[in-house]
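Below you will find the structure I want to go over with you.
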Amino acid sequence: MEQVTLNTADLKSQEYFLNMGPQHPATHGVLRLILTMDGEVVKNIEPDLGYIHRSIEKQCEYEGYKQIIHLTDRMDYLSAHINNEAVALAIEQALEIEVPERVKYIRTIMGELTRIASHLLWWGVMGMDVGALTTFMYAFRDREMINDIMEETCGARLTMSYSTPGGVMFDLHPNFHKRVKEFIPHLRSVIPKYHELLSGNVIFQKRMKGVGKLSYEDAISHGTSGPVARGSGVHSDRRIIQPYSALDKADFKEIIYNEGDNLARYMVRMDEMLESLNIIEQLIDNIPDDGIQAKTKALIKLPKGEFLQRVETARGDLGVYIVSDGKKNPYRVKFRSPGFSNLNALIQIGKNHLIADVVAIMSTLDFVVPDIDR
Amino acid sequence: MSYIGNILGGIKTLLTGMKVTGGYFFPSIIGRKYIITRQYPDEPAIVMDRFKGEVVMWHNDNNEHRCTGCQACEIACPNGTIEIIWDRVLNEETGKKVKQIDKHIYHLGMCTMCNLCIQACPTNAIMWSTNFHNSTYDRSKLTKVLNRPGSKLMAGVEE
Amino acid sequence: MSTMILTQTNYFADLIHYLSDGLGWGFGGQILGYIIIALIYMTFFAVAGLLLVYLERRVAGFFQLRLGPNRVGPWGLLQTIADALKLLTKELTGTERKENLLYHTAYFIVIIASLLALSAIPFSGGIVAFDINIGVFFISAISSVGVLSILFGGWGSNNKYSLLGGMRSGLQMISYELSSGLAILTIILMAGTLSMTGIVEQQRDMIFLLKGHIPALIAFVIFVIAGTAESNRTPFDLPEGEAELGAGYHSEYSGMGFAWFFLAEFINMFIISAVAVTLFFGGWLAPFGITDGLGAQWAWGLLWFFIKVFLMIFLFMWFRWTFPRLRIDQLLTLEWKYLLPIGLLNIVLMAILVYFKLVF
Amino acid sequence: MTNESLQEILKSFPDLQFSEEASQFLNIIVPKEQYIDVLNKLKDEGFDYLFSMTGMDWGNELGVTLHLERTEDRFMIVVKTMLEDRENPELPTLEKIWKTAHLHEREIFDLFGINFKGHSVMKRLLLSEDWEGYPMRKDWMDETKMIIR
């Protein structure tokens, strides 16, 4: 009888393509990743963008300066207010307007609230991505309080369009102080619970620790910013480097973790929420009362030149780069979005990880797809 | 020993997590303590008074509005949401031809609620309504005419 | 250990006996009896499945600060029936190039496997359709047949996500079947019988969880972990792995095809809980015998059994709505580096205890 | 680092034009032949953070504007390069110098049609493969897709 032997070299294993997205629960929107897979291991990642590309930069070339602001709401919709603020600051910088102190305070407080809301949503979705479904609802409960604050003052929950060149749209609602002061102790009391529920969990720790390492050099080379860069030990907080609005009035520290893995990025965001609360707490009682609008012309024309304003959104370093030729429309507007550069890092750190890890890494990089596509 | 320590430590963290969810579950099921659901059609939705639902034009009891047809809102609008059809009508008292709106058309489907039109309006003719029941089966229903049929400009607004 | 002779009545056997001999319908009566029992079980399958789906959603609601379904019927009880009706009337869609035979047999296998396992579970004294002397062995054997359906579905769908889900499931089943088997064996060592009814009867004075000292406790923990894994629930829901694989092996099923998988998943959870209750908590027996003297023992048995099963199910739900999911390699690490060695050690420990008659 | 010291360092490239007019930062206009050499030199000088890479259409020329930053002291400069050839604009890739250029260059290729030689995946990123034209150019016009008031 013939002896049949199985030679493992004859067994063919084949790499295959896995199309992750545009409709996939883990891509949080319409991001498409073309994964080259070997079994469950991801060998290569190629992002394919543009499913929600609205060409905001091109649209801006046909809009007046005041009208740009409402488009930036729709970029990174989770830090809508900070985006608005960035454009407003860029225009103010170009026009050399000094805005009232009250406006600065309001913008900073609103910006920090937005950051907390964004991080809360991220935390909820982070839990979902690693399979803990309950985190989502807990985070949403707390985020709802911020949304209510926003709705009461700005008239909208998410796309606020609150900042205008030279000021803000409305004055603070009379309930604003009360609600913010209710919110601060509430969040302080629930964040330890969140740590107990998710951060301390042995499964979560094992899923996060040492996964998706981004070294200090790579973090810089990939142009990452925000919590992603700070998780790799890069000092990159624009709020510290170049305080804008009323951030120089508050005393806070930059959250830095040096590990560069998923857990570091996770902890940066968790700690940042508390730090943002600190900022709000310091500013909320000292809001001066000197008007909410600097004098601006009805039709804003920027002087000829180039203006760059960088702010720290919840996702990182947003750069608004306006090239003006002196007309009422900008000649060119570039939004350097943090998500776009952070996505670049995923291409490298996602390689040679299991598909479940890639999902977790994507989650800690915290993508908002409209921010990447613009 | 760290092997057993790992196991026990792990189980402890799992139980801590269960304590948190359980701490929400039992008060919720017994006293509905932490329930955050608002059962919307039964309980009214909380809408803040500044909520930007849709743009409306204010009319008084005599079916008069404050819109002079200056088109400031139309110019201020970033995406062509507002169109004003106007005409010059002879004012019988003064004998001058006066701009008068025929239709103030508002495409709710295109509106991004940016507030620029309301900020631009010199006569406070348009304002926000907090109505949010805007869904329809037909997009054309979202195109609204803001001035009521037969309405006139309120006296004294021109000055 | 003394072997107990089962003198208890079996109501299902009595029914068949009555129909064939009592009424004199002979073989026809026997067949009729079987059909009636089958119908009872299928109704139970559907009702319990729907009820568990409702319960899961409701419990999840309260865990997540929500109310859960509360609109259709009193307290939303009819919600899942409405959902089932919707799924029944839905168009069956699927991939074009599916492996037809495998794709369509998959959900039959899953129902058959669950129904067969259900038949060997004693719900109360004398209420068990298939009371064999190797009941535990039968259930653990049959419930691992269920994995075939997931593999078939995953492969037959011709979808990479389904395939990944199916393969994960195979891996998971094969691994955790060992641990749950070892945990069951530990108890069998104490009971000295493989019969489900026999195991329950052994616990009349004290349930095994308390009777067996530490080894029984460890066996229980292992069984719960392995059971969660076998019923594909969080933290072991890798075959579905919503965030990773979309819906995993049932991505390409729609309408009733999906509904069978979904129901079977909950029935499997019921089976695992029922086995756990039988092995560790004394099955249908009343705790401390508080209802022993009363009449209609079978009804009291049913009540106690379902209360205990519900508590077990609630524990599984609590796990699901608290824990994050494991990664596939961690799943295997947990099994082969932790559960299996501990399980083996545990069974040796139990054998020593039993040999020296240290269990009372 | 200051603008003057940087100009001193870049003495070896005589064709560079420096200007500080109408901008917060030092603008360096680099001829496209020296593009890669100058940027390599800047990277060696500690400009390790490529903040953004902006495609520009100056009417007659296409161009790329780079915002570079030193993480060490947060000193920022702007590097510009112009390409007269609108039909077939080409630049060497910066992928090897700053990894972040990978996606930025793909975006610029997609929207401005500047081809980066040596780039690993020079494909359209945002638009579909069969898209014609480069929509961010000033002369791109599409009657059906653009409504200009």
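Residue numbering begins at 1 within each chain, and the chains themselves are lettered A, B, C and D in the order written.
By definition in this document, a contact is a pair of C-beta atoms (placed from the backbone, for glycine too) under 8 Å apart; a residue touches a chain by one contact, two chains touch by 3 or more.
Treat the numbers as computed from the prediction; the structure is a model and nothing was measured.
Peer 1: More contacting C-beta pairs: A-B or B-C?
Peer 2: Spelling it out, more C-beta pairs touch across A-B than across the other pair.
Peer 1: Quick check on this structure: which chain has its C-alpha centroid closest to the centroid of all protein C-alpha atoms?
Peer 2: Centroid comparison flags A as closest.
Peer 1: Relative to subunit B, which chain's C-alpha centre is the most remote?
Peer 2: So the farthest one, by centre of C-alpha atoms, is C.
Peer 1: Could you tell me the distance, in whole angstrom, between the mean C-alpha positions of subunit C and subunit D?
Peer 2: Chain centroid spacing, subunit C to subunit D, equals 63 Å.
Peer 1: Taking the mean of the C-alpha atoms as each chain's centre, how many Å separate subunit B from subunit C?
Peer 2: Subunit B and subunit C have C-alpha centres separated by 52 Å.
Peer 1: In whole angstrom, what separates the CA-based centres of subunit A and subunit B?
Peer 2: One centre to the other, that is 26 Å.
Peer 1: Quick check: how many Å separate the C-alpha centres of subunit B and subunit D?
Peer 2: Subunit B and subunit D have C-alpha centres separated by 42 Å.
Peer 1: Which subunit D residues reach two or more other chains?
Peer 2: Only 149 qualify.
Peer 1: For subunit B, give me the residues that contact two or more of the other chains.
Peer 2: 14, 17, 20-21, 24, 36 - these are the residues of subunit B that touch more than one other chain.
Peer 1: Where in subunit A do residues touch at least two different other chains?
Peer 2: 134, 138, 141, 197-198, 201, 203
Peer 1: Work through the pairs of chains, note which ones touch, and then classify the graph as line, ring, star, complete or other.
Peer 2: Contact map by chain: other.
Peer 1: Write out all the pairs of touching chains, ordered by chain label.
Peer 2: Those chain pairs which touch are A-B, A-C, A-D, B-C.
Peer 1: If we count contacts the way the header does, which residues on subunit B are in touch with subunit A in the complex?
Peer 2: Its residues touching subunit A are 9-10, 13-14, 16-17, 19-21, 24, 36, 46, 48, 50-52, 76-78, 112-116, 119-120, 128.
Peer 1: Using the touch definition up top, name the residues of subunit C that touch subunit B in the complex.
Peer 2: Going by the criterion above, the answer is residues 59, 62-63, 65-67, 70, 318-319, 321-323, 338.
Peer 1: Please output the residues of subunit A touching subunit D within their complex, sorted ascending.
Peer 2: 46-50, 53, 55, 57-58, 62, 217-218, 220-224, 234-236, 241-242, 303-308, 310, 317, 319, 321, 323, 332, 334, 336, 340-341, 343-344, 347-348, 373
Peer 1: For subunit A, which residues count as touching subunit C in their complex?
Peer 2: Residues of subunit A touching subunit C: 16, 18, 24-26, 40, 127-134, 136-138, 141, 197-198, 201, 203-204, 206-207, 354-357, 359.
Peer 1: What part of subunit A is in contact with subunit B in the complex they form?
Peer 2: By the definition above, subunit A touches subunit B via 63-64, 66-67, 69-71, 73-74, 134, 138, 141, 144, 148, 151-156, 159, 161, 164, 169-170, 173, 193, 196-198, 200-203, 205, 298.
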